[in-house]
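Below: the structure, in structure tokens.
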Amino acid sequence: MENAWIIPLFPLLSFLFLLLFGRRLKENSAYIGMVLTLASLVYSLVVLFERFNHPTYKAEVTWLTIGDVQLTAGFEVNQLNALMLVIVSLVSFLVHTYSKGYMHGDGRFHIFYAYLGLFTFAMLGLVVSPNLLQTYIFWELVGAGSFLLIGFYFYKEEAKAAAKKAFIMTRIGDVGLLIGMILLFWQVGSFEYDAIFQAVDEGAISAGMITLTAILIFVGAVGKSGQFPLHTWLPDAMEGPTPVSALIHAATMVAAGVYLVAALFPLFAASEAALMTIAIIGAFTAILAASIGLVQKDIKRVLAYSTVSQLGYMMLALGSAGYVAGVFHLMTHAFFKALLFLAAGSVIHAVHTQNIEEMGGLWKKLKLTAPLFLIGTLAISGVPLFSGFFSKDEILISTWVHGNTFLFWLAVIAAFFTAFYMFRLFFMVFTGDARSKQKEVHESPSVMTFPMIVLGILAIVAGYVNTPWFGTFLGDWLVADNEALGHGHIEGPAWIMIVATVVSLLGIYLAWLIYGKKSIQRDWLTVRMPLTYNVLYNKYYIDEFYQLTVVKATKGLTAILSFIETFIVEGLVKLVAGIVHGLGIIGSKIQNGQVQAYGTVAFVGLAVLIVIFALTGGYLK
Amino acid sequence: MNEYFLSILVFSPLLGIAVLALMPKTQEVAIKTVGFLATLPALVLALVAFIGGSDHLKKYDIQIEWIRFGDYEVFDLFKIDYELGLNGFSLVLIVLTAVISTLAAIASVHIKKEWKGYFMLFLLLEVGMLGVFAAQNLILFFIFFEITMIPMFFLIGKWGYFEKEKAAYSYLIYNGLGSAILLIVIMVLFARTGTANYDALAQLMAVENANTVAPFSETLKFGLLIALLIAFGVKLPIFPLHTWMLRVHVQAPPAIVMLHSGILLKIGAFGLIRFGMGIFPEQFKSIAVLLAVLGVVNLLYGAFLAFKQSDFKMVLAYSSISHMGIVLIGLGALNEAGIQGAIFQVVSHGLISALLFFLVGVFYERFHTSTIANLGGMAKGMPLTAGFLLAGALASLGLPGMSGFVSEFMAFLGLFEEMPILAAIGCIGIIITAVYLLRAVLGMTYGKANRDFIAVSDLKSVEFIPVVALLALIILIGVYPSVLSDPLHSTLETIMLGLGG
Amino acid sequence: MDLDTLLSYQWGAMAPEFIILGVATILSIVDLFAPKRFDRRILGWIGFAGILAALAALMNLFAVDTVTILYDTFKLDAFAKVFKLLLLIGAALIMLLAIGYRPKEGMEEFKGEFYYLLLAGLLGTMIMSSSGDLITLFVGLELLSLSSYILAGIRKKHLPSNESAMKYIINGSIATAVTLFGMSYLYGITGTTNLAEMTNVLPQLNNSQYSYLMGIAFFMLLVGLSFKLATAPFHMWAPDVYQGAATPVTAFLSVVSKTAGFVILIRMVVIVFSNTQAGATGVDSVTPLLFKLQDFIAVLAGVTMVVGNVIALRQRNIKRLFAYSSIAHAGYLLVAVTSMSVFMFESIWFYLGAYLFMNVGAFAVIQLMTANNDNEDIAQFAGMYKRTPWLAVAMGVFILSLAGIPGTAGFIGKLNIFMGALISEPAHYILAALMIATTVVSYFYYFGILTQMFFRPSPVDGEVEKKKIPVGIGVAIGICVLATIAFGLFPNTALDFFHTNFGGFQ
Amino acid sequence: MSGVPISAYLTLALVLFCIGLYGALTKRNTVIVLISIELMLNAVNINLVAFSKYGMIPSITGQVFALFTIAVAAAEAAVGLAILIALYRNRKTVNIDEMDTMKN
């Protein structure tokens, strides 16, 4: 555990090595990446198991001195960190493996692996950070890694736009985080989590300031985790290669926002207003994204909206003081969503399209992918016995117990939507007739299916670490020796579990009716409520709204400033130059070549001097 | 040896000038090699001093009597010594100057004509820049300051692009006015106290109604500080005194812009810190708010206008304005974090803009354009160039792990303590910076290829050196900022002591 | 006055003047009797040698204490010595220019006149700087003026030269008359023409009527002398005359004549009026009239600087441009006069010295560049760096020095003037600011010349004609470059000399 | 002798000076201009001589000065006329307002 700092360094090594020598290694680069992330994974597991028996370990060195203040860098292994280390390194390793098959034949194969290494390094660095500043540093770096990977197909205009959008939207959030963090620094005098919690505990910070900083920090999480209103970049980010979507935009980076809130939970917990904000934003995002997901046609976009929606769930949990529920769902979601993405990638790999309307009947052709996809779908839909069921249940209970009744029902509706659109997806892709000219559809190679199988297993079993039936091991462990995090398990009324089960089954049933059995016309919504459909299909026109407001305003401001630049700033300069020039013209006009004029000027000068002298000197009285 | 160390360091490029003067003007390769080699002694010596640590800088001081006006030897007044010295801050800037000069000399491989004259002026410019930072009295400072101006005028006017003469004149007049104001300040100080030495002046100014040759009212001190602000505001540049540097950025040859943007602009910041804060700390406090506001205005103004430009060089020019805003923000904060941030930004921006302009030179050499729209999809034909360009842009927009972040962070950290609301407004600049840089860089490197990149070669061997060296330094500072903050420590303490905080 | 008294004078004090006078006389006689085909450049060299001899004699006199002879009309004090040094050096350099001067219409037959008139003019300036009496002052002044009038018109068959001489003499005579009128009042009030006696008499006058009359006398003298200085309001002749006159004459007018103007300004105006009371009562009775008049000089200085620099912006003719530049520089010098600080003498002396080298040097180059075809457009300088690199670099040095760029004597000179302006209480901030602002304006036209020389392509592309630089001019340019840089880098070589030999005034 | 006060001489001189100046600045013919200048110089002479006799501290130097002035004035006129002749040869005019080939 003392050497946990080495975990992020393996992928960094991979990044540097591949950047320098990748070109020569070609596709063998994958092995470098795989071996090094495996090393991280193994060591993470070691650390995790050590953490079960040992207290939190923390080490730091001075990074930068500002006057008397020493900013430090270091690492910390607490429960949450240890858990995150394993999740991140595991998913990363699996994605590394999967990509060997998926990216086969790409000219910039080694670059892809280098970027993956960079991202994994940043993500692992993020989760071991013991202070806000270091968190922020890696927070930005994961953003950069994500940006590079989204724009991996740089020659595609869409990829370029998506990468840019992702970076800028998350940066808006980051600025919030930055401001919040700096304000907090001047309150506490340190970026250390411990110091912050201690200050909060001692009441050294005013309530208003806690709320302000907490919300500002949450803004950072909003950007990173694709919460409303900064969520629009995440679906667009699907322009990146699918393994990337699985790793970054499903399992790890987007969960960083949730992680951040969780890591700073004692701060948030100290402000009811902040918690409420988080809960509302989370619930709203959950339902909003889920409703958009209902009508999307791109397989990855559906998954992306589902990610947004699930992240909303996690936020809702945290906002409802359900620390364990949020982290738990973060974990299970990482597995099943990564699984779904990898499976989707496998599908895309097979049929070379992402439009679900061009798919269908793949159940028979993709014998391995299809069941795995189904597992993921069941998990996310919250069908009992799958991991998602337990974690979602925890969330609903937390919400209810915390008293957010309205948000609770929103979450329930969102769960219904989730079940519906996920099965809509499943049915459209795997059942029915093959709709397009898919001539040769092959199952993916084992290097791709192996990770899926691992995730599939986890998607089923991961939920059992924290169940009301077999014990809340995870929850108890997570909150051990820290009262601020709340209880390991929150007891809730039993009917919640039933409601959750019922709505998810209802959703599945409805999806089956429409897309499986086809007893309801598929264009039912389109025909009956074209307006609603269009609004949903166009994602509530949020992008367009931004285009009209923020972007227009920016452009307008730019135009005003460039007017100032051209006419006022430059104009003044021109004016001064013009005056000097004009004086020159007048002067040289007076210099008319007439010698008598010269004498006259001299005489007039003399006369003026004498007159003024006489007047001012008081000699003429 | 120690006594003459600094003099040798500062004047070592003159050796190169002497050698060049004796060379026939047609031998391109030999001239370029000599020009490059002539920058090395300064670099080596600067690094020696840097590695030697910042605790023993006093030993490099040199003081030789030089000019004495009037007949006041008895009172030891009105004398201008030849005195050079170092403190942590100037040492850092000297190292920066030496490094960027060497790299710019390499970047000068792209120069097409009259290499001999070019390198002679180039080396003279280097002498001026090194001297500016090493000088220990105002007049010597001013002399070196002006020495930078003349070679720059020629370098822009002769080796620049289409509107080079206009740019050269712009440069000359604005900087002429700036240095004119500076000269007045210097001469008021010198004439009325009889000394131009920094430390002596700082001591005299610290005392109210000090015993000077001619009286010094508080109003006068304040006026002098404002004049200093304007003088260095031209150099930095501060809105609305910035238009000249846009032309220079666009018209001057990239190697020269590396120096201009990398170092010359920094003299403004150096002056504000060294003289503004050093000599008039009391008055400086009262304009801190003004500085911070100007900083935010600079930051936002530059950023928004950079967003609109179609020429990448213009983007970088406005970006320089924007980034210098951060320096002002740091100075306006007037606390350790802010000032350290400002100094970091000075160094960091020097490296980053040198890197970016070097790359501009690289692709301009190949495509003869720097218009963003004409360069789309460069990553396809020149992946390395595009990659470094992207890295440079990320550094510039303050990605952690690179130097830009550390400085930006500290500057804002400082300002948030003093003026949180203003700082929050300034933070919008961080977003816009990302917006315009990505727009420009992605516009050039990503997307569909607009032109045929087949016949175009990527970075060549010699071009790697500056790119890699600069990027390495940028990352070094970003990852291990103590490399910069340690030498600055004592200087900052002195400044803070002067500010009484 | 018997022979004994005559012999009792220390005539040695006048050795430099005697040498110049003697050489001038010899030259005029030789010129008169020498055959037509006799190469009169030899006369020039003789004249040059004479100036050098005078210089040597002057150096010899530096050890001698202040000497006054001829009833105080001739006074060899430190002031006279240091300024004579400048005059002699300036004249020597200009003589070199004159020797190398060959206008296209030829002026072989007047060449002799050229040399000895130059010497006569020089003699006038030297008398002026040594005179302790209004009469000798006036005679010296007129000796200079009359020689200059003829010199300006020395190119008899060249219309611009005639015109410039005509303009010069008409304006000059008016200026003389004005000056004389002022002098007559001075004499009327003090009853003496001797400056030393005046300084004794003046402090005793304490009637405001007198100070008013003194004020008028002051203005008449100032305006009359501003003709020599080429400062406002009597500056307008300068561009026309400078343009039309032969280049060495222009150099003479702008350097030697101007120096003489400042010498007389300080000698007479400053000394006399700093001893006059501003009024009869109150504070006025203890403040010198001069201090009261400071603002007037300041205004004139300001106007001069603005006019000179601003109009220069529009000039295409190089000599005209230098005329305006010369006006501007006179304005800078007036700033030093205005401030009347402890640095006044030092700064004026140094600036005049610096100006001497840089301006003569510049005119030497101009003379070379325009000699071929009387085309004095600045486009003549285009591509000069390609054609004659060394000459271009030399010109570059002169111009940078004129623009006041560090590393050159011009910068140190300006620095010194600033010190004076800013040390006094109240400090002349506005004047200093105006001076530096106009200096920046001057960058436009100075660097315009540099632009021509270094950036523009040569109009005569292809054939790069090798100019043969006459020895004299080459030497002159060399000396000027060296001095400009040397006094810029090590100004104390000059300043220390000044302080050693100029312990104080009077 | 006593009847005429010094102020009368001075006024006369001033008037003469002004007439001279007026002539010098307005007359077209260069010869007239030169003559006007002579008037100005002579005005000075009147001043000098008046001061020499009736000044507060009468002395002979004023008259000496006047002699010098007369000599110089003569020389000036001579040089002026000589230059005018040279100009006339080239320009064929003695009108002063036509001598404006150099301006601005």
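For the reader, a short list of remarks on this structure follows.
Per-chain residue numbering starts at 1, and chain names A, B, C and D are given in the order in which the chains are listed.
Operating definition for what follows: a residue touches a chain if its C-beta (ideal position, glycine included) is under 8 Å from a C-beta of that chain, and two chains touch if they have at least 3 such contacts.
Note that the structure is predicted; figures quoted are calculated from it, not measured.
Counting only chains that touch, the fewest steps needed to get from subunit C to subunit D is 1. Here A-C and A-D are compared, and the pair linked by more C-beta contacts is A-C. Separation between the centroids of subunit A and subunit C, computed from CA atoms only, is 78 Å. The distance from the centre of subunit B to the centre of subunit D, each centre being the mean of the chain's C-alpha atoms, comes to 64 Å. Taking each chain's centre as the mean of its C-alpha atoms, subunit A lies 96 Å from subunit D. Between the CA-based centres of subunit B and subunit C the separation comes to 43 Å, rounded to the whole angstrom.
Touching of two or more other chains is recorded for residues 166-167, 170, 174, 178, 239-240, 314-315 of subunit C. Counting partner chains per residue, subunit D shows two or more touched chains at residues 21, 24-25, 33, 96, 99, 101-104. Residue positions of subunit B with contacts to 2 or more other chains are absent. Here the touching chains pair up as A-B, A-C, A-D, B-C, C-D.
Those residues of subunit A that touch subunit B in the shared complex are 62-69, 133, 136-138, 140-141, 144, 151, 154-157, 159-160, 163-164, 167-168, 171-172, 174-175, 178-179, 182-183, 185-186, 554, 557-559, 561-562, 565, 568-570, 572-573.
In the complex of the two chains, the subunit D residues touching subunit C come out as 10, 13, 17, 20-21, 24-25, 30, 33-34, 37, 40-41, 43-44, 47-48, 50-51, 55-59, 61-62, 64-65, 68-69, 72, 75-76, 79-80, 82-84, 86-87, 89-91, 96, 99, 101-104.
Per the touch definition, subunit A reaches subunit C in the complex via residues 580-581, 583-585, 587-588, 590-591, 593, 595-599, 601-606, 609-610, 612-614, 617, 619.
The touching residues of subunit B, counted against subunit C in their complex, run 66-71, 78, 139, 142-144, 146-147, 149-150, 153-154, 157-158, 164-165, 168-169, 172-173, 176-177, 180-181, 183-184, 187-188, 190-192, 213-215. The residues of subunit C lying in touch with subunit A in their complex are 166-167, 170-171, 174-175, 178, 208, 211-212, 215-216, 219-220, 222-223, 226-227, 232-234, 236-237, 239-240, 279, 292-293, 296, 306-307, 310-315, 441.
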